[in-house]
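Below: one structure, written as structure tokens.
Letters A, B, C and D name the chains as they come in the text, with residue numbers starting at 1 for each one.
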Amino acid sequence: MSKIRVVIWNEFRHEKTHAAVKAIYPAGMHQAIKDGIAAEDLDIRLASLDEPEHGLTQEVVDSTDVLIWWGHCAHHEVDDKIVDRVQKRVLEGMGLIVLHSGHFSKIFRRMLGTNCSLLWREVGEKERLWNIEPSHPITQGIGEYFVLPHEEMYGERFDVPQDGKTIFISWFEGGEVFRSGLAYERGHGKIFYFRPGHETYPTYYDKNVLKVIGNAVRWAKPVILAKHICPKSEPLETIYTINPATGSAGIKQEV
Amino acid sequence: MSKIRVVIWNEFRHEKTHAAVKAIYPAGMHQAIKDGIAAEDLDIRLASLDEPEHGLTQEVVDSTDVLIWWGHCAHHEVDDKIVDRVQKRVLEGMGLIVLHSGHFSKIFRRMLGTNCSLLWREVGEKERLWNIEPSHPITQGIGEYFVLPHEEMYGERFDVPQDGKTIFISWFEGGEVFRSGLAYERGHGKIFYFRPGHETYPTYYDKNVLKVIGNAVRWAKPVILAKHICPKSEPLETIYTINPATGSAGIKQEV
Amino acid sequence: MSKIRVVIWNEFRHEKTHAAVKAIYPAGMHQAIKDGIAAEDLDIRLASLDEPEHGLTQEVVDSTDVLIWWGHCAHHEVDDKIVDRVQKRVLEGMGLIVLHSGHFSKIFRRMLGTNCSLLWREVGEKERLWNIEPSHPITQGIGEYFVLPHEEMYGERFDVPQDGKTIFISWFEGGEVFRSGLAYERGHGKIFYFRPGHETYPTYYDKNVLKVIGNAVRWAKPVILAKHICPKSEPLETIYTINPATGSAGIKQEV
Amino acid sequence: MSKIRVVIWNEFRHEKTHAAVKAIYPAGMHQAIKDGIAAEDLDIRLASLDEPEHGLTQEVVDSTDVLIWWGHCAHHEVDDKIVDRVQKRVLEGMGLIVLHSGHFSKIFRRMLGTNCSLLWREVGEKERLWNIEPSHPITQGIGEYFVLPHEEMYGERFDVPQDGKTIFISWFEGGEVFRSGLAYERGHGKIFYFRPGHETYPTYYDKNVLKVIGNAVRWAKPVILAKHICPKSEPLETIYTINPATGSAGIKQEV
């Protein structure tokens, strides 16, 4: 069986400009995630904002099965042409996993059509993620819940379409709740939003978080990869109605 | 009770350039729809592509409860800024009713995030629309099905998110089927896609079609109209976890 | 406009046998809810388990638009024939509002098909219900969240179908979360599950809880009331295929 | 990898009493399906109504991963205790594939909670099934559509919950449409309804029909098999609220 071709995309700015972040993720969050989910069946590459075409050239996108996305302070710097390219590929079947502050990324808002707004607070409080779908592929190996000792808080109302299958709901120490794992399908592609991962905490070293991301990659890999077309189609049955525009009828496709 | 403020937006090009279309809709399809759904509880205005800002100035959009959209050959001429404006208003609560070839409009694809592609054929064949949800507000007054003697064919697969509630499914004489009425919610707004309405047939004089559009206007009117914000939020409970970044804890909102 | 005919059904056992419950609800929880939601547009009757046919005779059910259900310790005493009768009426269009421990009632499990199991604990802890759908009719007049100072805890995983629209998510002081307001449609009827209401707390005097129940009654009232049939149907189009069983074809319904 | 343990359950009455049916399916429809989907990864057994406990003893059900169900004239003869047993197993994770007239079986109605009524007609007309979800596991190997030359007609409105993912929509020669492939999840189990298969036509020899059933078996196999419980749960966080019933607080689970 061929390997799943994964690209982990990271904005990769905080790690360069914030000493506290650099201390936790010296090679970037994308590298930490790569190391954490590395496995025989995955072929993982990295890409980031400041590379040419953000590291997402047509060649790279065309050879990607699942794209993981982390962005925060520079969403607006992502070129709309690259967003178009990624959206097209997702609709053709590529999986997309959006992490944490990626909720406000151009690509996530483009795919869902909503604001993706929420409440937030950063005081390093405790988060407990409840596993709402124990029979979903994404939660295999995860218990009834798991705890992150320090995280940024994201609270409801999360402005997203309600057809997201709710995989996790978070409890926050400060009194809020959040739909922290949401699974969508758009076109032929699967999309998973996963809440945790603020840059100032070592969340991407947590074994449960890595387990979820790894599971999500397998879940989101393409079943098919197909171009979308909008074809004119010949009739499959004899049409007896007279077309008022032409005065003729009886058209039928030769098979 | 105040009236529902409706704007019917029409590309309004075919009616000027095609004699056959002009013969059917001398004042435009938007005018025919306005005449057909006119009622005491509705305050209806018209807008079209070639007006300044396509007739959808900030003032117009801000005073609209439900926007009806018909476009076909000039989707690409619609200014992205106007699409942004309309999308923002829908997410705030405005209803949006997209008709027929509007499936490929910028605003519909923006709201749903998918290609919205389909099969099509124009030979004036018979269409029968089956009422799948007889207890939905949009189908009140509509029987088990209704027939349009001549229509353009749209066939599956229709590339849209599956959370659309299927209100109608069409049978076409040439052998295809189509989800012809789909009801979505995005942000605080409701969206209804309604398939019929090719410009070369008198579809917008059909009493069932007009009944559905009129019902959809009442269904789609805003429950609330609210700006989307993404606020920083103070804790509602005492937080005992020590923030590793600051060394402090115990923050609680004063109520 | 005619009034909405509401029946509030209560098991009505705890109030007779537990002094602490009787002290809070001397005339029963159903009476407290009736008093709390009383309004011009509602015609409210009461019914309870120990009445003949549990107070739900064919005549009562046939004249009910919305049925509210509270049960706990005696679910098994509810006669299956009455459950059949109520289910049939819901599928015909009657609204059903299931409260708190009614999650394990025969009628709720019958309507949803699942176990409806959950975690639970009764230590009188604080519950905060987050309003996830501020534009839904059920949440009108409710703020971003509301707090109940003492409640029984219900925690996820709640074993229910995922097509329930999530209206509220609860945060519990002890660390759990719960989808506390869920809106379903089955047949022509609407169903709303609302979590709060343990018998040892004065929850049904809380103004937010009463507001939600009152809103739910208006939301759940029938759009139509229709018998379900499964009719043999004559063809609507000429059938040219030869029926191998009869050797004939060309059947068409006379209209 | 262990094999998927499949049981094909057939009412198996028509094949004994109707010569025309016996001529098509001399060993029963279940045997034809077994022969048609036989593969290395499947361990297939047969069961039928007139066996003790309908062939679905506790031992058989407990060792089944996916149950396929065909019934028609004798739904009412299926023992409610066996229906309870199957429902419990589906909620624990077993897959359930319901064929054709099984729409009115006790088990399907039990799982969905609705009437599952529809229109019907038996004149051997042509059916075309459109593939609505080309990227779903159930449609792999199926083209844009496939045709059955003779089938019983089932028409909308099909009274089922709307959370069924629509995999196929049928076009019938006589003018009707039908959601012919519907995928549900209930508890930990997956359910697929597949419309074709009237006993008087050789539908279960059709290669597309068999391909769909075989795909559905792989899709519906359990991800987990877990008993449902409804446990009392100790607090995970310190509770500071004083329980009015006991006057105490501060309970916390020892981990």
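The rule we apply is simple: contacts are C-beta pairs under 8 Å (C-beta built on N, C-alpha and C of every residue); 3 or more make two chains touch, one makes a residue touch a chain.
If you're wondering where the values come from, they're calculated on a predicted model, not measured in any experiment.
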{"item": "Pair in C-D, A-C or B-C that repeats B-D, with over half of contact pairs matching by residue number", "value": "A-C"}
{"item": "Most distant chain from chain A, judged by the mean position of its C-alpha atoms", "value": "C"}
{"item": "Chain centre separation (chain A, chain D; CA means) in Å", "value": "31"}
{"item": "Chain A and chain C: spacing of chain centres that average the CA atoms, whole Å", "value": "36"}
{"item": "For chain A paired with chain B, centre-to-centre distance based on mean C-alpha positions, whole Å", "value": "27"}
{"item": "Where chain D touches two or more other chains at once, by residue number", "value": "128, 134, 155, 162, 173, 175-176, 236-237"}
{"item": "Contacting residues of chain C [partner chain D, same complex]", "value": "20, 87, 91, 104, 110-115, 117-121, 123-126, 149-150, 153, 155, 159, 161-163, 173-176, 184-187, 200-201, 228-237, 239-246, 249, 251"}
{"item": "Chain D to chain A touching residues, read off their complex", "value": "93, 128, 134-137, 140, 145, 173, 188-189, 222-224, 226, 236-237"}
{"item": "Residues on chain B engaged by chain D in the complex (per definition of touch)", "value": "128, 130-134, 144, 155-157, 162, 165-166, 169-172, 175-177, 179"}
